[in-house]
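Look for chain A in each of the two complexes below; its partner is chain B in the first and chain C in the second.
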Partner chain A sequence: MEIKIRKNILEKNLTEAEKNRHFFREKNLFVLNMMSSPGSGKTQTLCRTLEQLMPDIQVGVIVGDICTTNDADRLAETGAKVTQINTDQFGGDCHLSAPMIDTAARKLGCDDLDLLIVENIGNLVCPAEFDIGENARVVVLSVTEGEDKPLKYPLMFQVSDAAILNKVDLLPYLDFDAPLAVENMKKVHPGMPVFELSAKTGQGFDPWLTWLRQQL
Partner chain B sequence: MEIKIRKNILEKNLTEAEKNRHFFREKNLFVLNMMSSPGSGKTQTLCRTLEQLMPDIQVGVIVGDICTTNDADRLAETGAKVTQINTDQFGGDCHLSAPMIDTAARKLGCDDLDLLIVENIGNLVCPAEFDIGENARVVVLSVTEGEDKPLKYPLMFQVSDAAILNKVDLLPYLDFDAPLAVENMKKVHPGMPVFELSAKTGQGFDPWLTWLRQQL
Partner chain C sequence: MHEMGIAQELVRIALEALPQDLKDPKVASLNLRIGKLSSVVPHSLTFCFEIITKDTPLEHARLNIETVPVVIRCDTCGRQWEAETPVFRCPDCELGQVRLISGREIDIDSLTLLD
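Let's look at the complex of A and B:
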């Protein structure tokens, strides 16, 4: 029964996602959905990304969290337009849904934007199931999380168009086999581009920015 | 509507959890539910914990993952009885529920056990909502995840009886304010014991083991 209910919820969400996609197309806006476990470094990756893209590319950000506006506050320092969704108003939802994005995008105002980035709630499971009307999805994995995560959470890596392997500056202090992690990503999603970088030091950041610019 | 459906699901789960609690009490078994984000080091913490507790204390483990038996394989090397739940058979569920634990506990066999540990699915949101009939809950946070996680995912820290701050061996290489992380945990759950340790090096492990032995 639980599976049937979830199927209904996902179908309704997909209908709303199609409406969002239509709205974003009308605004000529590229929408990127960024997903990961808690603490993989999505916000730091975005801060550095915004600093490099703006002002040539006008970027807005919708940040999802159950509680707090910490990430929105950090991102606003880059000068980007930022709005925060707190899902504790929606029963503490573990993912962003298409209707939440619709409300937030209209609140943010999209007319002057080229790129809208959605920083999803830190969760390597549920956000992968909820289409929000985006053009592309990126999953961030940190080198502190273990090489087998793509095999344990395959859906997230299958639905993503690219992956970031973050915090590579910590590799000297870890027993982490980065080539094996990349191999595991490609096992569940053959051909997916993987960017090994450090959002903290900037190491390896250029290929990621090049890929992102090519999407727009 | 989604909130109402979830309320129904949680109520049904609670009924099943009460049955589990009754079953575990009959078996004179202490049940610990261990939860965290993906990659915080639950399995490594458990491996070291089992090595220290056994054979004086007979421990069984139920491991939850969407896919793979990697963690069960690692835990079985300690000599503990281990069984794996893969939720891809249940639509890729992001949490363990009371009925899944009932099935797994009976499959494992509990007659000769003193302690049953449930390693939940790596997810800092949903598992906090699902009572599985346990006696105590422990949340593991890694020092690579950021100090504000207790504020962003408060429910997980509110429902937990103790917290482990893992991977403290990495502190010299991070900009992580451990006292602030502990302060944030105590802000959402005053008085909760917090064990700062490294499952990799064994640093700080004794207070955790002492606490766990006291619970039994």
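Let's look at the complex of A and C:
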């Protein structure tokens, strides 16, 4: 006997993500999900972004990591409200899910915020699959990775609304082909805006900030 | 990488779908549809599923996994095609806005009970 089910196996996460979206809408809060591989410079990009946006725009950050509060500590120095999610002390989940964001957002307190940025766990695979109730997704790739990463991890680049190519200050010292990396991103996601910048020096940062302000 | 979590959700949904009035139900197979672009590795999913279904009505159930192709549609020119590689740019109009029609499915379609 066959029993019809016809369900998305991730339905529980999707339902929770919709609840989050509703909660954030009520708070009039824009939520950005920032994703990348480990070491691409998400935290440094965020530190500079927060320094530029605050205090005109009130920003809160939820940081996801498997272990340590290192990133949250760095980000808190900017004056932004920050909370850390650790998925496990010794190797836990590879992504943040919607229920984790619900808990963290309530802990953080969202009433006085305009923008909530979620720094996802460093991983180009799993976070792309899990809706957390965000309004937009940004993927960060750095020039110390490979130009072909967008073709190797197509889902991540396909689901993102914008991309950052970080650490461009290192280009003179590397064989990295930046136009090829951008071309590969656009092959996977035609029309996606790509911001080539250096979070360290601030080079190329303005178009990214303009884009972000326009989203709010 | 997150196949264990997906296997756990799959087991929860399948157990909930079993008729309450059935005594000692045994599931022969679960019929899944997994999109080629989803980050689910069928082999890992099967491995995790086998581990967590021991001593449940799902023990020894087979996972029939239908792979769903990546189908893209260009909203600018209306062309629709199946993508064999992760290049989703419209071959006709290059800059067209493309949309995924299928390829991200992680669905359970049905289950079959053992007679």
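Some observations on this one:
By definition in this document, the second predicted complex is superposed on the first by the 204 of 216 C-alpha atoms of A that agree within 3 Å, B and C clash if a C-alpha of one lies under 4 Å from a C-alpha of the other, contacts with A are read in each partner's own complex, and residues count from 1 in each chain.
In this text, a contact is a pair of C-beta atoms (placed from the backbone, for glycine too) under 8 Å apart; a residue touches a chain by one contact, two chains touch by 3 or more.
No experiment lies behind these values; they were computed from the predicted model shown.
Once chain A of one complex is fitted onto chain A of the other, the partner contacts of A:66 are limited to chain B, with no touch recorded for chain C. Using the contact criterion defined above for the overlaid structures, shared-chain residue A:191 touches chain C, although it does not reach chain B.
Taking chain A as the reference chain, the count of touched residues is higher for B when chain B and chain C are set side by side. Using the contact criterion defined above for the overlaid structures, shared-chain residue A:5 touches chain B and also reaches chain C. In the superposition on chain A, contact of A:155 is made with both chain B and chain C. When the two complexes are overlaid on their common chain A, residue A:94 makes contact with chain B and with chain C alike.
Once chain A of one complex is fitted onto chain A of the other, the partner contacts of A:144 are limited to chain B, with no touch recorded for chain C.
After overlaying the two complexes on the shared chain, residue contacts for A:122 are found with chain B alone; chain C is out of touch. Contact with chain B, but none with chain C, is seen for A:37 once the two complexes are overlaid on the shared chain. On chain A, the surface patch touched by chain B in one complex and by chain C in the other comprises residues 2-3, 5-6, 9, 93-94, 123, 125-126, 129, 151, 154-155. Within the complex formed with chain C, the chain A residues making contact are 1-12, 93-95, 123, 125-126, 128-129, 150-151, 154-155, 158, 186-191.
The touching residues of chain C, counted against chain A in their complex, run 1-2, 5-6, 9-10, 12-14, 17-19, 32, 37-39, 85-90, 94-98, 100, 104-113, 115.
Interface of chain B with chain A (complex): residues 2-3, 5-6, 9, 37-39, 65-68, 70, 90-94, 121-126, 129, 142, 144-146, 148-149, 151-155, 167, 170, 173-174.
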